[in-house]
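We just call them A, B, C and D in the order they show up, numbering each chain from 1.
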Amino acid sequence: MLIEEGTRFLELKDKRDAQWARIAESAEWFKYTLGGDYDRRFYAIYLIETYHYVKHNPKHQALVATRMDEMPVHYMKFCYEHAEEETGHELMAFHDLLNLGVSIEAKDLPAPLASTQILISYLYNISETGNPLRRLGYSFWAEDSYQYIQSVLGMLTKTLSLTNKHTSFLVSHSTIDQKHSQEIEEMLNKFCQTDEDWESIGEVLEITLRLQSDMMNQVVDEYDKLINGAPSRYSFLNTYLA
Amino acid sequence: MLIEEGTRFLELKDKRDAQWARIAESAEWFKYTLGGDYDRRFYAIYLIETYHYVKHNPKHQALVATRMDEMPVHYMKFCYEHAEEETGHELMAFHDLLNLGVSIEAKDLPAPLASTQILISYLYNISETGNPLRRLGYSFWAEDSYQYIQSVLGMLTKTLSLTNKHTSFLVSHSTIDQKHSQEIEEMLNKFCQTDEDWESIGEVLEITLRLQSDMMNQVVDEYDKLINGAPSRYSFLNTYLA
Amino acid sequence: MLIEEGTRFLELKDKRDAQWARIAESAEWFKYTLGGDYDRRFYAIYLIETYHYVKHNPKHQALVATRMDEMPVHYMKFCYEHAEEETGHELMAFHDLLNLGVSIEAKDLPAPLASTQILISYLYNISETGNPLRRLGYSFWAEDSYQYIQSVLGMLTKTLSLTNKHTSFLVSHSTIDQKHSQEIEEMLNKFCQTDEDWESIGEVLEITLRLQSDMMNQVVDEYDKLINGAPSRYSFLNTYLA
Amino acid sequence: MLIEEGTRFLELKDKRDAQWARIAESAEWFKYTLGGDYDRRFYAIYLIETYHYVKHNPKHQALVATRMDEMPVHYMKFCYEHAEEETGHELMAFHDLLNLGVSIEAKDLPAPLASTQILISYLYNISETGNPLRRLGYSFWAEDSYQYIQSVLGMLTKTLSLTNKHTSFLVSHSTIDQKHSQEIEEMLNKFCQTDEDWESIGEVLEITLRLQSDMMNQVVDEYDKLINGAPSRYSFLNTYLA
């Protein structure tokens, strides 16, 4: 089915491009990763935080459709189907961690960082309240980020000599998943009708991408603390990766 | 994949058979429907109540997997997938009602009966709390009831001259849906391990089938009130079907 | 402050009187308790089920006010205050049980009966959805039942030689608590304005009183099973009370 | 009752002091407010955001006690009582706004800023999940901040010629409320026993105070945009206060 890309959809794309451009230009984690001065503990911390927030993705995705609000059947089906597809993706991040050589059980991982908790909290909040369509603003960038982080990914992979078995999450989640990407675009163009729809989606796009970027920045900070011998919840990584 | 049917699974089947046998023997609605002394308003009331409780099926199904409890990935996927498949099924009941000639919008339907509300409430409760597997006790009978209500269905269809366009919900939900039926059996045999698992599933099977039967009995009572001219939330049906 | 008792409030009182009259006339548990042919195990079963449902009363009471619906500040304050007052009341039922000589820890009590679970489920449902005022229909009868069960209470106390230390829950919850009773009346007369308000409150009054009565009937059935040597979740009571 | 202040409690106090010291030293909003170069629109924006987040305080406070986790009766009662006391406090902020001369209905206020939504989301999350005691880390600083913002409050009041009728929220919420403060201290010293209790409380203290500070910084940014003629959700304030 051909879906017409309306003006509002194109504006949303622009908003996404603009925010990634700002990140590429000025986000600490972006520069840091491109700098190439780190070891595998940096990537391990990223994988742990990723494990934590990704575990909740299917849950808040499904919660959108369990609300009593009236919603189109097609959109509710999308929410459940998408939840199903996202279930267990945190295990990819976890297996990447194991493949780095970190021997740990998921239940023994350190608790999520403040910035990770904040991202999770906000995603639950926007999924459980407000405009039921607005969570699409998160999916819109989260499922299609390869084009924006290609350089970062390349440097990370090269610096740390990562192979496919270490990057299953990153690659699967950043490459353009045609099917997903198309479904999200379809939902946006089919169900968003009012200004309020588009504005709340745009707001969620901006805020979640920023919160994700905040999380990445805290990963850098935590890595810095770790290599400088400050007290760290990640000190166990030294056993495996230092 | 071949799943071995364990002793506990066979006991569950027996429990289901036994409860349907009790219903066939003594439930008011069963006898009443077989009696054949009613008009299409009886069926219309049934469709309205069905619309109400079926609307919630995907919601509480999905809520099982959104809990923080640790659950197997496969079981969570089943919950979301099943929620997706059940979404919009209440519209079958609604269209059957429209095809009977009742011109009404869904939002104008009378509120659910007490017994319908009680069924809905209980299903949310067992989905949101307690053993996360126990909702399977509901799916186990609800998705595979044709063999038990064949006689009732036959009499209803004949008495009211119903054709396929009037029975889309009933037929779709009571015929043995091989795929579903097999998935539920797979979940039961794969994930239920402790006595507590099987007992809580058996309890939910018994209670939900009884609450559904209570709902059917109240449908009979309400039809009785309607044809006897007592005040009724269904009196609007007289315009279309009396 | 003097609150005028409107017509709708008086109708609600009549509804309550009428339902209690039906219970007094035909409910199995009512007749059974007046019959006086039972021992303390009957009362112990009642206390256990009471422990279970009462534990949830403050929780669903508070949930009314945590919803996003717009509600009068005064009514939300009533909900929280009432939740606070009800907190821990299940311990009265538990201590009455201990004072009967049943040595058990609360966590080892048998799980609630089907009818008790159904009552609890329905109370959560009406507290979390629908008209936010409708839970008042439950408080309206539950906090002021002494006048209706005086005869039953007298016979129970006499038959089982119960003293104050065995009836702290029953007496505290059935005597007319002037303050509570007045507050509930105040809420009803102050905040219920539409027909829908009064009807949904009347419905909750009827359904919850019936579900409570169903629970009492199941207590009788379970006692019957116990003294007749049928398998029972309460057989541990024989050690202490038979 | 005399409660002994344990070592962990004193550490918590130190943590609070230290974080306020950091805010006083380097937070943009702190310096900005002390600078005295703003008009009443700055304060109005603060009041609007305050209205938004304060409205949720009693809700997430009560939700702590509605969870199925086992909690001490005394702590649950504290949660409900505290929820009751906090109910309607957002109206103080709203009336302060009206008394500044801004004629608006609460329902017409602009939606909360990103930082305000993030604060609200995080407070719901820590109230609904994790250690049930951890929300005390928020109450601990939120109910007793006068000593830290005295200078800021003085400058704000002087610069904008504010009288009591404009500062009912700020004064009531920042002055040391002896009763509350003592109750929170009592809860902390009585119920926090494990390292995990104290650490999770300390974490919530730090994160919520930082998120609140982020909100204040965004208030400054928004004021800046407003006076510089950038598009603003607060432009309606110009009608009343410019």
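We take it that a residue touches a chain if its C-beta (ideal position, glycine included) is under 8 Å from a C-beta of that chain, and two chains touch if they have at least 3 such contacts.
Since the model is a prediction, treat every value here as computed from it, not as a measurement.
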Checklist entry - Which one of the chains is farthest from subunit C, going by Cα centres? => result A
Checklist outcome for this item: In whole angstrom, the CA-centroid distance of subunit A from subunit B equals 39
Checklist outcome for this item: Taking each chain's mean CA coordinate, subunit A and subunit D are separated, in whole Å, by 30
Next on the checklist: Measuring centre to centre with CA averages, how many angstrom lie between subunit A and subunit C?
Outcome noted: 48
Next on the checklist: Using the touch definition from the top, which residues of subunit B touch two or more other chains?
Outcome noted: none
Next on the checklist: Edges wherever two chains touch, nodes for the chains themselves; is that graph a line, a ring, a star, complete, or other here?
Outcome noted: ring
Item to check | Contact footprint of subunit C on subunit B as seen in their complex | outcome: 114, 117-118, 120-122, 124-126, 203, 206-207, 210-211
Checklist outcome for this item: In their shared complex, subunit D is touched by residues of subunit C numbered 58-60, 62-63, 65-66, 73, 76-77, 80-81, 83-84, 87-88, 91
